[in-house]
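You will see subunit A twice below: alongside subunit B first, and alongside subunit C after that.
Let's look at the complex of A and B:
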């Protein structure tokens, strides 16, 4: 089963690399948006899904990445990929002090604090004349979407790979212990601050790198698109729909949501948002923990030999023998 | 030198003195019980020792080294493990992974930590449930899980906060046997126990009595049994009755 999963992943990766070469603009555009949201959802998933710190502000790093790339490219005429790389690294560097401060907040306070941070970044960008203020910056128009697409594909693939590693590592277990109960994790030897801040940094680098590509995709950067609340919220909803704190959740959520939203938009241009919103509500009521956890729970239930035909009997009683 | 020394620790929640100038010590391989009614300050004392609370007055020393200013995870790595009065399993992690978290301080890899954890899980009798989500365990099983998680640290000192609470009499006996066997494994323990004097007398080398945050007595089980202050403040009746 596990092997099959990897074969499917390898085929998908080859297809994602080769197919765009023969795609027209519309499909490539849709594919780009899909991969972008997959990457963003994975970025959110690490700090929020694994470490349990729900962040409404990862878009701040997306915007910082976009602006850094734009400003550097205009100022230096370096290749945009180098600028985008620097943007990503800058996000990681900034995330260290920001994380060390913000992660002292818990629960809703952290979520709101991060929202405030993203707004602050947006306001700073729109009031900085060096960054073009409210009217933004124009980048030289690119000839093809392909390089941006491949950049985004590599970052999203990298985000998936990092998540896979987290899911299988001691670091990941520590993050999940923090998510479940931070004080208890600390009394069990987990250096909580270090683990949280590390997760936060990873969760900042990913949107930072993606933002650089986005700047090149739009060829025009202004505050409300670089720090777009809509993009932020969409990536969060996608991760939640797929199942946060899981390896496959963000992928499933992001792919499903971008495709369904596109199909609805194409067929019901007037009512699509209403239908889409309704669908989301229903899905989240039926599967509150997301699609992937629901499916794995199903699968496990079917594959565990049920003793005496059922659960809900308070568990198999073990022998009461503490030696 | 004692293994653990608590020196003149005071701690207040607002105006309520949860701990008032409390001192005590635990020697290597010794089992010390802290008894006292609900609200006497037992849990607060455990929270101070494990670093979750920082007392404004007093000091805690392990092997003569102060624990002042040390984060809880450092104190855990120095060899102090604890269980919690209100059981708090990592509900969405498996039983093995609950225990593996602590084992990680000795094991480099997750795989190694899980192997070590599985052994401990077997040891506390939860082997059949090792791969279950901890959120599905019963109260008794959760109590065992608390013990297993703390043992994974390979502690030199175990803080057992109300390990007897909520157990049936036969389960209490099992737990008492477990505590009695700790010194043989090189583990000292402080057991906070509200009721069940019968077991306290049986497992303890020494007993410390707390009342409203103050230490009102300390001694061997025999001494405590006959201490008039203890009888008045806490036991309330001659011990033969209990």
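Let's look at the complex of A and C:
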């Protein structure tokens, strides 16, 4: 089983590497968007899913990555991959003090703090004349999508690998302990601040690196595209649809949703935010834990019939659910 | 000296309206421990409704206030009754799912606003003159908004203090178990509180339509400023919210004069972060009780 999993992963990787060479523009664009949102959903998932700190401001790091890449590329004429790498590193460095401050807040307070951070970053970008202010800046034209796609594929693959490691490591267990009850986790000897801030930094580097590629993809960045509400909302909806706090959830959510969301964005740009916002609300009521946990729960039930049946035969009534 | 006096007047007038907005946020948080991330979007939608009505029929927003507040109440009561109440209890972190739900609602409302009103910036160019008091000029529109906000806040205080449902709301926010033991219908109280909080948000938006320009995607700053006000003043405390609003009003007025309007927009957030750094245990301590 384990061996089969690795073979499937290897085949998928080879296909994702080789197929784009023979794709036309539309499909390559769609594939790029899919991989981009897989990466973003994983970035959101680490701090919000595993550590339980909902960050609605991950787009701040995406925008900082995009702007850093743009400004460096225009100022230095270095290769854009180096600029994007610096953008990602900068996000990681910034995330240390930001995380140390923000993560002192819990639950909704952290969420609103991050929302404010994204807002403030956007305001600062649109008022900075060095960054082009509200009218943005143009990057050198003539870049092709293929290198951006490979960059994004590597980052998204890395995000998956890091999540796999978190899912299988003591660090991941520490994060989940913090999510379930931070006070008890601290009592049991988890260095909560260190674990939280580490998760926050990882969650910041991923969108930072992806933002650099996105800037190169757009070739033109301005505050509302770099700090895009659409990208932020979409990556969160995808992670929650697939199931946050799981290894496979963000992948499933992003792969299922990208084509739908691209079609919606192309046809109903005015109603897009309304549809996705409404979708998130419905999702939380109908499928609160996401697809992956729901499917695994059903799978386990079907494969172990004795668990459910045995209880009924024993005459133990299941407790009525409290309203 | 005159400048400082002028800025104090500006801050006071702004603070009154910010206090009203924060009161709406505070009722919902106090009763349900739900941070309503859609708060600012209700403010903006009410303001845009007034701006459109003024542009078409020259209706004074103050006359529309009962209708926008009623609309806010209905929307808020429906959000609680049909959405928040249906959140499955099985999910381990109920607080997180209500938070994400209002986050989704925020985008839903902003998107609906964009669809209905379009993306352009709107305002109400009504009462643009100013009253001169010696060296200080008092903008008439801001004065009107301030007075109306204080009156509404006062009525709200009377409602919460002297009516039975108002007392039930305060009891529930102090101690849910105690309120339940005394026979309070918690479901009804939650619905009324969410409706009331949203009605107050809509009323604040109506009054702010005199003061600011609006477009449908401006909601988040109003959510943050409402939150900053109650974080500064002390969560759950109504008099604290008034104090916090004054602090924020002054901060915004002084920042706008000395540092430009961009920094004034960032003032609520900066203040919020400062309060967090100086008094993090204050914020968290309140919440723990």
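As a convention for this text, the second predicted complex is superposed on the first by the 275 of 323 C-alpha atoms of A that agree within 3 Å, B and C clash if a C-alpha of one lies under 4 Å from a C-alpha of the other, contacts with A are read in each partner's own complex, and residues count from 1 in each chain.
Assume a contact is a pair of C-beta atoms (placed from the backbone, for glycine too) under 8 Å apart; a residue touches a chain by one contact, two chains touch by 3 or more.
Nothing here was measured: the structure is a model prediction, and the numbers come from that model.
Colleague: After the superposition on A, what does A:105 contact: first (subunit B), second (subunit C), both or neither?
Modeller: In the superposition, A:105 touches subunit C alone.
Colleague: Kindly classify A:176 by the partners it touches after superposition: subunit B alone (first), subunit C alone (second), both, or neither?
Modeller: first
Colleague: So, A:3: does it touch subunit B (first), subunit C (second), both, or neither?
Modeller: Neither partner.
Colleague: Decide which partner touches more residues of subunit A, taking subunit B and subunit C as the two options.
Modeller: Of subunit B and subunit C, C contacts more residues of subunit A.
Colleague: Touch check for A:25: first (subunit B), second (subunit C), both, or neither?
Modeller: Touch status of A:25: no partner.
Colleague: After lining up the shared chain so the two structures overlap, which partner does A:192 touch, if you call subunit B first and subunit C second: first, second, both or neither?
Modeller: First partner only, subunit B.
Colleague: Between subunit B (first) and subunit C (second), which does A:184 come into contact with in this model arrangement: first, second, both, or neither?
Modeller: first
Colleague: Taking the superposition as given, does A:168 touch the first partner, subunit B, the second, subunit C, both, or neither?
Modeller: In the superposition, A:168 touches subunit B alone.
Colleague: Which subunit A residues lie in the overlap of the subunit B contact set and the subunit C contact set?
Modeller: The answer is residues 180, 321-323 of subunit A.
Colleague: Within the complex, which stretch of subunit A touches subunit C?
Modeller: Touching subunit C: residues 52, 54, 56, 101, 104-109, 111-113, 115-117, 119-120, 123-124, 127, 179-180, 229, 233, 236-237, 240, 270-281, 283-285, 288-289, 321-323 of subunit A.
Colleague: Can you check the complex and tell me which residues of subunit B touch subunit A?
Modeller: 50-52, 71-73, 75-77, 81-82, 84, 88, 90-93, 97, 100-102, 104-105, 108-110, 113, 123-129, 132, 136-138, 140-141, 144, 147, 149-150, 152-153, 170-171, 174-175, 177-178, 181
Colleague: What part of subunit C is in contact with subunit A in the complex they form?
Modeller: Against subunit A, subunit C makes touches at 34-35, 37, 83, 86-93, 95-97, 99-101, 103-112, 114-115, 217, 220-221, 223-224, 227, 231, 262, 265-266, 268-270, 272-273, 276-277, 280, 283-284, 287.
Colleague: Looking at the complex, which residues from subunit A come into contact with subunit B?
Modeller: The contact residues of subunit A facing subunit B are 168-170, 172-174, 176-177, 180-181, 183-193, 245, 314-316, 318-323.
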